[in-house]
Structure formats: C-alpha cells, structure tokens
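Two complexes follow with chain A in common, the first pairing it with chain B and the second with chain C.
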Partner chain A sequence: MTQPLTIPYTGADWATVVPMFAVAVAALVVLLADLLLPRAARRGAALVLGIAGLALGGILAVPGYWTPHAAFSGGFVEGAFACVFQEIIVVAAIMSLLLATHLARDDQVPGAIALMLWSAAGAMLMAGAANLMTIFLGLELLSLALYCLCGLGRRPSSRESALKYLILSSTASAFMLFGMAFLFGATGSVTLAALLEPAASPMLFALGCGLFLIGLVFKLSLAPFHVWTPDVYEGAPLAVTAFMSVVTKAGALAVLARFAYAALPAAVSPAILLPVWIVAGISMIVGNAAALAQTDMKRLLAYSGIAQLGYIVAAFAGTTTFGLQFGIFYFGAYAFMNLGAFAVIGLLSREHDEGSHLAAFDGLGHRRPAAAAAMTLFLLALAGLPPTAGFTGKVLILASSVSAGFLWLAVLLIVGTAISAYVYLKIVRVMYARAGGAPSRPSSSPAALLPWVGICVSAVATVALGLHPIVLPGILPLVK
Partner chain B sequence: MTGFDASPYAALSAVMFFIGVGGVILRRNPLIMLMSIELMFNAANLALVAFSRAWVNNAGHVFVFLVVTVAAAEAAIALAIVVALFRRSTNVDVDEVARLRG
Partner chain C sequence: MIAAIVVVPIVAGLLCYLAPRRAEALVTSVAAAIAFASAAAVAVFRDAPDESVRWLVQPFTAAFHFGLGPGPGTWIALMLGLVAGCALAVTRVPRRRDFVAQMLVLLGAMMGVFLARDLLTFALFWDLQLVPVFLILVGWAPEGKSGSAWRYLVYNLSGGLALLLATAAYGMLVGTTDVLGSASAPAPAALQGAALWWVFAGLGFAFLIKTPVWPFHTWMPDTYADLPAPAAAVVSAVQSKGGLYGFIVIATVLLPGPMHAIAPLMFALGLIGLVYGACVALVLDDAKRVVAYSSLSHLGLILVAIFTFNPLALGGAIVYVVAHGLFSAGLFITLGEVELREETRFLSRLGGLGERNPKLAGALTIMVLAALGLPGLAGFAGEILILTGVYQAGYPAIAALSLVPIVLAAAYMVRVLQATMHGPEIPDLPQREDMTVLELAAFAPLVVAVLLLGIAPGAVARSANAIAASPAVATLSLRAARR
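== the complex of A and B ==
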C-alpha cells in the first residue's frame, strides 16, 4: 500500500524560514569566496560577505513582525516576538563580526565567520521555535558551531575552554532532550501548544518540565549553573565572547519566554516556574558579588552578564504581559551596552594581546579619552545609572516584579544593582584616577577603526533607548 | 493510548540517563565523559521511541533520527577538539589518548 508523497507545507510556511536560509547560505558564500579569491582579499571579503548576509537576513525577517503565522504545523511561529529576537541576534552578530579581525590566524577568519553565521542562524531558529524538535535543532546548530569557535583563540587556555564548554553544554542539551522526551511522553505531542492541555500523566509532565528548565537555565548561565561561563568567556576569542554574551542568550531566552508564557497550563505554571525565578534572584547576587574580585575584563563581563540575565528573567516572573515587554526591552538594551563594552576592549587589543586585562585600562582616560568616555557610558549603563537604557530598563523591571507580587525579586534586584555599581565604578576610577603616560597614537589602519562603528552604534542606542524606551505592543500570543 | 505500557522503557531510560550523568560528574577522562554524554542522548532516544509507540505518534521516531544525526555531529566536533587539545596542552593525560587511538 503506497500513498503518493505530498509535502503538506505551503509557500507561506517556507517564507518564514527564509531569513535563516539567507544567513546560512551566506556562510557557504563566505567559504566559497575563500576558495576563489586571492589571498590578500580573503579576510576583507569574508567580513563584507558575512555582514551582508546577516543584514539581508535581518531585512527579510522584518515583514514577519506584522504577519503572525504558525508555520510547519506549529513548528515555527512568526510574529512580533520572533522578529524582535531575530533582529537583536542579527545586530549582535554583525557587531561581533566587526571585532573579528583579531579573531584568529588570518587563514582561519573566513571559516570562523562562516561558523558565526551558522550559529546565528541556529539562534534565529530558536527565536521562533514552537515545538520541541525545532527548539532542539536550533539549540544544537547554535551550540555545535560555538564549540568550534571557542577553540580558535590564541591563548593556550582556548582549547581547554572549548572542551569544557562542549562537555558541560552537551550535558545541558542532554538534560533538555531528556526533559523533552518526558514531555512528549506526558502529552503525546511535540508542539508547545499541546503542552497547554492537561497532561495524561502530571508527574511525567512535571519531571519533563524540570529537566527541560535545568538545561535551559544552564544555557542562560544563571547561578548556580553558571560556573562554566567565566572560563569559557576568558578562553574564547574576543569576537566569539561578544557573540556568545548576546546571541546564545537571545536564543535561550526566547525559548524560556515562549515556554513560560505559552506552554504551561495556568494551574501548574506558578509552581513549575517558581524555581526559575529563584535562580534568577540568586544570579543577581552571585553574579555581581563574584564580579567584584575579577581583574580580567572578559571574566568581569561574564559575571556581569550572569547578573544581567538574572534581571531579565526576573522580569518574566508572574508571566505578565508587561513583564515580557519590559524583559525584552531590557534584553535589547543589554545587547547594546554589553557589545559596546566588548567593542572598547576590541579597540584596545593588539596583535598578541586582547587588551582584556584590567591593567590595559589603567589611565585610559588620559591616553585615549574618546575610548575611555565610551567605556564609561557603557559601564554606567550596565550599572543602571540615568540617562542610559540600563536605568530605564531596571526601573521597568522593578515595576513589573513589584506589581506581579514578587517583592523579594525587586529587593534582590536593588541589592544586586548596589553591588554592581561598585564593580563598574571601580573600572571608571582606574581609567581616570591615575595618569597613564603620554597619549598613545591609535593605529590608523582601517581594521582598527572597525570597533568604532560598534561603539558609536551602541552608544547612540544606549542613550536613545534610555530616553525613549520602546515597549512592543502585540507581543502575545506566542504559540498560535 | 494503546495497551502498550511504556513505563518499563521509561524507567530503563532514566537509569541510563543517570548513569550518564554520573559518568560526566565522576570521570575525569574527556573521552569517557563524551561517552557518558552519548549515553544520555541515547537514553532520551529510548524514551522517545517507547512513548512514540505508546501514543501511536510518529513524531517521536522522527525526533530520534534528528537526535542521532545531531549526536554524530557532536561526537565529530568533540573528538576534533580533544585531539587539538591533547596536541597542545601538557596537563592532560596523553597516555589515555595513545591507548585509545586506532
């Protein structure tokens, strides 16, 4: 008995994944150009093609904002939510590519850029993924490319960090996958929409949710699942660290938000999600307290990121609509201020030194006033001082957690912010307090100017978002 | 649901999974740790196949093919990184690699 093979998906379904195809195909074009072009042009061509491919993907993703559509039988949901995360991913990936000139040996740059594009495509898939299979596929596409990228650094610790990341992150993936298997067993379906129905086996459902969330929280590097983050950030090349600090978080955050808001029955949702809010609260304190002792900027920003992600996840507490809107707003703001700080580090990096040690900032205010001023702005934004987006975002998150009845999260947020102010202002003091000798002449090669593009964009966005917060209407519903 | 009882399979997969977790936590040899991770993936595969049979839903079978493919890609990358690391670094037990190679 044979049936004619038909593909049940229409052009509208395929249209939703075109942005990801554009980015993934651009990666192939980068590799092809590497084969065909003369040696001298390869690095520049890879950079231009990579940025063009990401920009194309970003532009193609824009119309999805206004056309909510559950494609592939609910496997991929287009809409405002997916679109915003995809745009953040695209912008963050482009700004990381601008730092890619110091990424690796020259002959490795095109390959590394291709891997970053594939990783970004995986994160973009996660932004819209609404069934367990697409979530897993996006997550693994994102992670597998990153394992390779982490090992490309010049530091001896780079490969070790790659192995560490691979083992711990794969373990987290396995937890998520096992949770998914149990969720499938409890509901008989792999779509998130089906999880909303009362499960046939509540215990299996709760176990599945628990395992799934453990894996997810690990990917978000919230405390106490954060121990891998500083080591991996330190060992990875600067561009990859910048990429990881936003793009991986964007993918995991999108999955967490969709799961928390759209996949849990109202009766069990508060009990299942409570551990997530507790973990977010712990992250705010642990991340900021551990950042106090750091002398390497990459490690410091790793701990800072743990705390910042804690703030963002705390915004979702109580799964209120404005909590989701404010959380996404703060995540966009975090992307800019964090990438801005990484761009300043990229500016200070030399051929064999990444400029990430705190000593590189000693007297920077006297040597390179513009760079120091930009870094000060980003640090103040991360600390949450006005008139930056960090301040506005934190006020909004405070408002949402108080009104959702999570007063203890609001208190932890304020305590965490107070600790973090000391961390960030310490660096500002280092930059301005001591005279660091004569003003150094910045390198005038075109490649050395690339970080300035990222710094300018981030600085404008950090201030503009602070003065005029964008709260997206119509972000819900997330599944259909 | 059919009359098929998936619970023994689910229990076996849980045992496999936690043997894998134990391996990652307790063993210090990267190759054994990678094997333990594969065990965890395959525990999930077993559970998926069993539940797929119980619900008479092919989605679980499709998922398993996806997982097998991804796990193979992961193993390839992992071994490449292990080789690159053991070549460069001195603080990893090189004897282990020499013994297991080939």
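== the complex of A and C ==
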C-alpha cells in the first residue's frame, strides 16, 4: 500500500517563501558580480549587493505579518511569529556583514558573503517551518554554509573551529533526525500539527521528542550541550561569530518555540518540556560562571550567549502567551546588544588580533571614549542594568516566570544575572581603570567606519527598546 | 517639569563628555548650578501635579510616574540637591570633567529614586544609581583598591535584583506597579500568603543592604573610604537613605503585615548596628571610616524608629534621615578638604589644622556638633523625636539602650575634631591655604540647612503624617501600642 507523496500547493504558497528566495538569489548575484567586476570593486560590490539582498528579503517578509497562511499543507507557516524572527535574522545578518571586511584573504570576502546569505536564508526558513522536513531543510542550509565560514579565520584555531563545528553539529543533526524518525513512526505524519493528535505509541512519541529536543538544545548551545560553542566562536572570523551568535540561535529558537507551543498535546507537554526548562536554568548559571574566567572577548561572549539564551528559553517556561511575547522581545533586544558589542570588537580589530583579547580594551575609555561608551552601554544591557532593553526584558521574563509558577527559574535568573554583572563590568573596569591602558594610538583607517553603523543602530535600539518595549500581539497560533 | 528634575542632570552628565577637557572648571560650576537648581525646582514644584508616561501595558501596567507632594521624598530630594551642589562646588579631583559627569548622572538617578511614584520606575533608578558609583570607584579609587568597587557592586546589585524580582512578582499579582502615588491606598487584597512574604523578602533584602543594616554593612566602610570625598558625601548622605525611604514609604504602606511581623528582628538588627557602629567608630584611625561607622550607628537608630510605627517616631525618622544626610555630607566634604591639604586622613597623623585653617575648622565643628546631637542643630531634633516616639510606643528599654550610642557619638565625633583641628601643628605635613570664600559660600547652604532643621523640624516631621495616618499604618501603630 504505497501512496505517491504529493503535496498540493498554489501560487499563494509560493508567495510565502519569496523572502528566502530573494536572499538566496542575492547570494548568486554576489558570486556573479565577483566573476564579472574588476578586482578592486569586488569586495565593496559584494557587501552592497549582500546587504541589498537581505534588505529586499526583509521588506518582502513584512506583509506576512498580517496574512497568516499555512503554505504547503502546513510545511511553512507565514504569520506574525515567522515574520518577527525573519526580521531579526535579516537585521542581524546585515550587521554581521558590516563586520565582514576582515577575513583571512580579501578574495574570500564575496564567497563568504554569499555563504552568509544562504545561511540566513536557511534560518529564515526555520522561522516559518512547521513540519519536520522543512525544519531539517532549513537547519542544514543554515549549518552547511556555516561549516565553511568557520574555517575562514586568520587564526590557526580557525580550522579546528570548523572541524569541531562540523563534527559536533552533524552529531546533533543526527540526533534530531533520529528523533524525527521516531515522531513520524509514532504519529504517521511529519507536520507539527499532526503531533497534537494522540500518538499511536506514547513511548515512541516521548523518545522522539526527547531526541529532537536534544538536537535543538545543542544548536541553541544550552548547557550541558554547550561545550562546542566557545571553541567554535573563538576560531571563527569575527563576522561569522557575530552571525552565529544571533542568526543560528534565531532559527533554532523559532523551531523550539513552535514545537513547545504548538506541537505537543496539553496532557504530556509539561512533562516533556520540563527538561528544557531545567537545561535553561543550568545554562544561566554555567554560562555566566564559565564566562568569569575568560580573557578572550569572543569566548566570553560565547559563554554569555549561553546564559542569555537560557534567559530567553526560560521565558517560554509554562508555555504562556506572555512568555512567548517576552521571550521574543528579549531575543530581539539581545540581538542588538550582542551585535553592538561585536561591532565594537570589530572596530578594534585593526589594532590587535581581531580586537578580541581583553587587553585590547585596556584604557579604552581614555583612548577612544566614544567606542568605550558604546561598549559600556552594550555591556550594561547584557548585564540587565537600566536604562536598557536588557533591564526591561529581564523584568518581563521575571514576570512571566513568576506568573507561570516557575519561581525557581526566576531565582536562578537573578543569581545568574548577579554573576554576569562581574563578567560584563570587568570589561568596563578594564576600559576605565585609572592605571590601565596603553599609550594613546592614532585612530584607524576609514574602513573602521563600517562598524560604527552597527554600533549606532544597536545603541539607539538598546535604549529605545528599554524605554518603549514592543510586546507583539497576535503571535499565536503557530501552526494553523 | 518634575520629570525634568530627573532627566536634566542625567542628560547634562552625558553631555559633559562632549565638553573639552580644558573647560573642567566651567563644567564643574555648571554642574553645581544644575544641582542647586534641582533643589530649587523641588522646592518650587512641591505642589505640582504628578507626571506620568505609560511604560508597560502587558503583563502589568507600569508608568514613568514622578511626583513630589508633601511626602518625605520631597524633603530628601531637596536635601539631595543641596548636598550634590555643595559637593560638586568643592570638587577637585583629577580628570574632573569625567568625574563631574558621573556625579550628575548619579544625581539624576537618585532624584529618580525619590521622585518615582511607580514601583518599577523606582527599581529602574535604584539599579541605575549603581552604575555611576561603580564607575567612580573604578576610575578614582586609590591605586590598588579595586576590591571596593566589586564589593559595592556585588552587595548592591544583589539587593537591586531581589527588588526587581519582587517588583515583577508584585506587578503580576496586583496588576500594576503604579501604586506609590498616595499613602492612603489600602494594601491590595491580591497579595496574600506566601506570595506576600516573597515580595516582602525581596524588597526588604534590597532595603537592608542599601541602608546598610548590620550584618549587611560590610560594603559600606570600604566604599566610603575609597570614594573621593564629594562622591562619598553624596552616596552616604542620599543613596543609603534609599533603604530607609523604602521601608517608610513603600514597605510600610504596601506590605504592613510582614513589616509588623518582622519588627522584633529589625529592633535587634538596628540595636546591634547602633551599638556596634558606635564602638567601632570610637577606635578607628581613618577619619572617613569613623564617619562611615557612625552612619551605621545613626541609621540603626532610624531603623528602630521606623519599626515602632509610632507617628512621632516616624516623623523623627524622616527628620533624622534628612539631618543625617546634611551632616554626614558636611563631614565627608570637610574631611575631604582636610585630606586635600594634608594628604592623609589618619587621625594619628593629623593635628593642629585649625591654626592655619580657621574657616575649615569652623565648618567641621558645626558638622561635628550636629552629628553628636547638640540641641538646636538638626541631629538633636531627629534624635529627640525618635526617642520620645519610641518611648511613647511602649518600648522604654529600647529607648534607654539607644541613649548609650548617642553618648558615645559625642566621644568619637569630638575625637575627630580634636585630632584634626586642635593640638600642636605637625611640622612635616604640607601646610596649605584655608578654604576660599567661594568654597565657604558653597558650603553655607549645608550649614544653614542644619540650623534651620534644628530649629524648626516641624514641616519635615509632618511629612510623615500622611503615612502615619494611612489605614495600614494606623492599625499597626495601634497593635504595637497594645503589645
């Protein structure tokens, strides 16, 4: 009894995936321009075309906010949820591209930009993916491009980074695929909506969910599945690290949220998801505690990112609507403050090896007051101090954890934040300490102006979102 | 206009960084003028209606809500403007432009704490005020003293985060945090059982650390000793009052039940701090630390007063909060001047300064007399009201016990005065000029305020009336009297 596997679709279905196509095609245009243009113009053209392609994708994705539509029989769901994640991905990718001028060799820049566009397209697909196949498709598109990107760094550890990422991430994908197979076996369908039906075999269903979630949590680099993150972040080029810290997470977070909120029967949902909340709680403590000892900014931000993702996932605990809205808000805020910090590191990248060693910040407050002030703002935001989006976001997450009955998560969040204050303000201290600091250097070349765009945008967004938080209505439902 | 009292100093502080470094004298004068103007604005707009801008709608409503009115916050804000103005006017530290910028941000943040009429806004400014103090400690603490910055931050941020959690929980339970507008509002019925205690624990923890109350005080002496004198003046005078202000204005009104229940514990902690602080202050050699521990002692007295819930004692507590702010700022500023002249602040190495610096000696004398509770000056007014109130509330033993440290205060305060100003001149110290007329003029508002408050504390004491008359507190003081 074999049925041909056909999925009916219409023109409206294709319209939902146009933004991703725009980004993916822009990558081809970038490569084409690299072949046709004179050598001197290639890098600039690639940057401009890449940004234009992403911006186009972002604009095309906007109307989807108001037109919820389950395309391809529920394989891809357009709506507010997908749209918000896609916009975050687009903005984060653009800001990462602004840092992409310092790769190992100049002639690699266009190729790297094309890979980043494809990776972003994969993440955008994950933002709307609502069946197991599309999820995996988006994930692989995202990851395969990143394996190459990680190896483009100037440091010797770059290749180690790429290999480590390839092996560990593939393992996680394997877990996920295994889980998907079990889920298919238990329910006979690959759409998330179908998982809501009572499973033929509850045992198989639980096992599938567990394996699937392990894979996801690995991609989100929550503790104890985080060990790969610092090494990979450290070795990868700065732009790629910045990209991974937001875009990869956006894709995985969207899938996790959709799975947690929309794909689990109410009867088993709390039990299946409890381990995820526990993992989030562990991440807050482990991430921040491990960041204490770091002297490399990329490693430090890797560990801090582990903790920040812990906060965000903790917002989903209890799967309340509030929690979803606030988690997404905090994720948007995190994107800006994190990318702002990366942009400052990018600014310093001419002076030191990628500007990522803590020593690059010695006396920065006296050498380059504006950069130090911006960095201070981003660090305060990451530490959750006012008047930033980090503060408001934490209040909202605390409120949702408390009201969902997860007081222990709220307390862990507080403890983690207290530890993280030392992590972030240690950098502030290095920048402003009286004694520290190399003698004043002349400011670097005009190429260093590009990160300033990211810094300014992030700074404005970090303060503005703190004073006027955007809590999006109409996020639910996620599947139909 | 009320919001401007908060916003203008913060914005002005950030703008300072755009001023050229050479113009630091000008920047300092402008900053002092802004601080004095903020005090004037508090006085002028004390009857102005509240100002509110919506902040959050979901999951609970919150607003950037500022107000003055007849409550204690107005008097503390007034005191803050005066103290900050005096401190800024006499500021002479290296990299003065940056220092003044941080001081202005600190001024605005602390104004926000006392003017906020929304619990979440209060929490925002409560955490915000940590940042400039941390940056000042990082940038201007003596060489090799980075520990104090961390100790300050770890303690106060723990408190701040507990406050934040409690605020979020309060908002979720009650539906709004915009609740500090009137003292007469009844305690919300939604807060009951364990939740009530969790919320109170968060608030109380933050207030205890900030005050600080023994045994949470260990951040304080280091912080005050390592901060430059103007910053130490402002932090000790005003920032640490946030805790007591929180107990009086927020916890007493919103959470009367737990406040009443923990009163015995607070009596114990307050009395320990009262005695312990006084004893330590008697023997220390570092003049700034003597003042720091004397603060611990004085603040213990205020804490005891608050938890009697007696109207007279509450009024006295507020008078003493303002009075302590005035004279502790005066002490830190004058001792800073001493240190500036002699390059040391250790009592055993100082002496005979009054010979060449009669004006400085006079200024220090007035502040010392106010601190030891000389009748006619601000300290006495607060002490007598508190002691009478505590006695009236039915705690004669506590009132009697509180007298001992007040007597000790005379001993350690006179010791500071004697060791610095009197005795023979010490020849190997650098002998510098006395205070200039301008500095003296900047200092004058503090002296006048100390005198005025000592003579006529009535208006300040009455600011507690609304709280003492609130339904929650009225039952408390009745219950306390019956006990």
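In this text, the second predicted complex is superposed on the first by the 458 of 480 C-alpha atoms of A that agree within 3 Å, B and C clash if a C-alpha of one lies under 4 Å from a C-alpha of the other, contacts with A are read in each partner's own complex, and residues count from 1 in each chain.
The rule we apply is simple: a contact is a pair of C-beta atoms (placed from the backbone, for glycine too) under 8 Å apart; a residue touches a chain by one contact, two chains touch by 3 or more.
All of these numbers come straight from a predicted model, not from anything done at the bench.
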{"item": "Which of chain B and chain C A:Pro8 touches, first, second, both or neither", "value": "neither"}
{"item": "First, second, both or neither for A:Leu380, with chain B first and chain C second", "value": "second"}
{"item": "Touching partner for A:Ala200 - first (chain B), second (chain C), both, neither", "value": "first"}
{"item": "First (chain B), second (chain C), both or neither touched by A:Leu177", "value": "first"}
{"item": "First (chain B), second (chain C), both or neither touched by A:Met133", "value": "first"}
{"item": "First, second, both or neither for A:Lys394, with chain B first and chain C second", "value": "second"}
{"item": "Overlap of the chain B and chain C footprints on chain A, listed as residue numbers", "value": "none"}
{"item": "Of all residues in chain A, those that touch chain B in their complex", "value": "132-133, 136-137, 140, 144, 147-148, 151, 156, 159-160, 162-163, 166-167, 170-171, 174-175, 177-178, 180-182, 184-185, 188-190, 200, 204"}
{"item": "Chain C-touching residues of chain A, taken from the complex the two chains share", "value": "322, 325-326, 365, 369, 373, 380, 385-387, 391-392, 394-396, 398-400, 402-403, 407, 410-411, 414, 417-418, 421-422, 425, 428-429, 432-435, 467-469, 471"}
{"item": "Partner chain A, residues of chain B touching it in the complex", "value": "1, 6, 10, 13, 17, 20-21, 24, 30, 33-34, 37, 40-41, 43-45, 47-48, 50-52, 54-55, 57, 59-60, 62-63, 66-67, 70, 73-74, 77-78, 80-82, 84-85, 88-89"}
{"item": "For the chain C and chain A complex, residues of the former touching the latter", "value": "17, 55-60, 120, 123-125, 127-128, 130-131, 134-135, 138-140, 143, 146, 149-150, 153-154, 157-158, 161-162, 164-165, 167-169, 171-172, 198"}
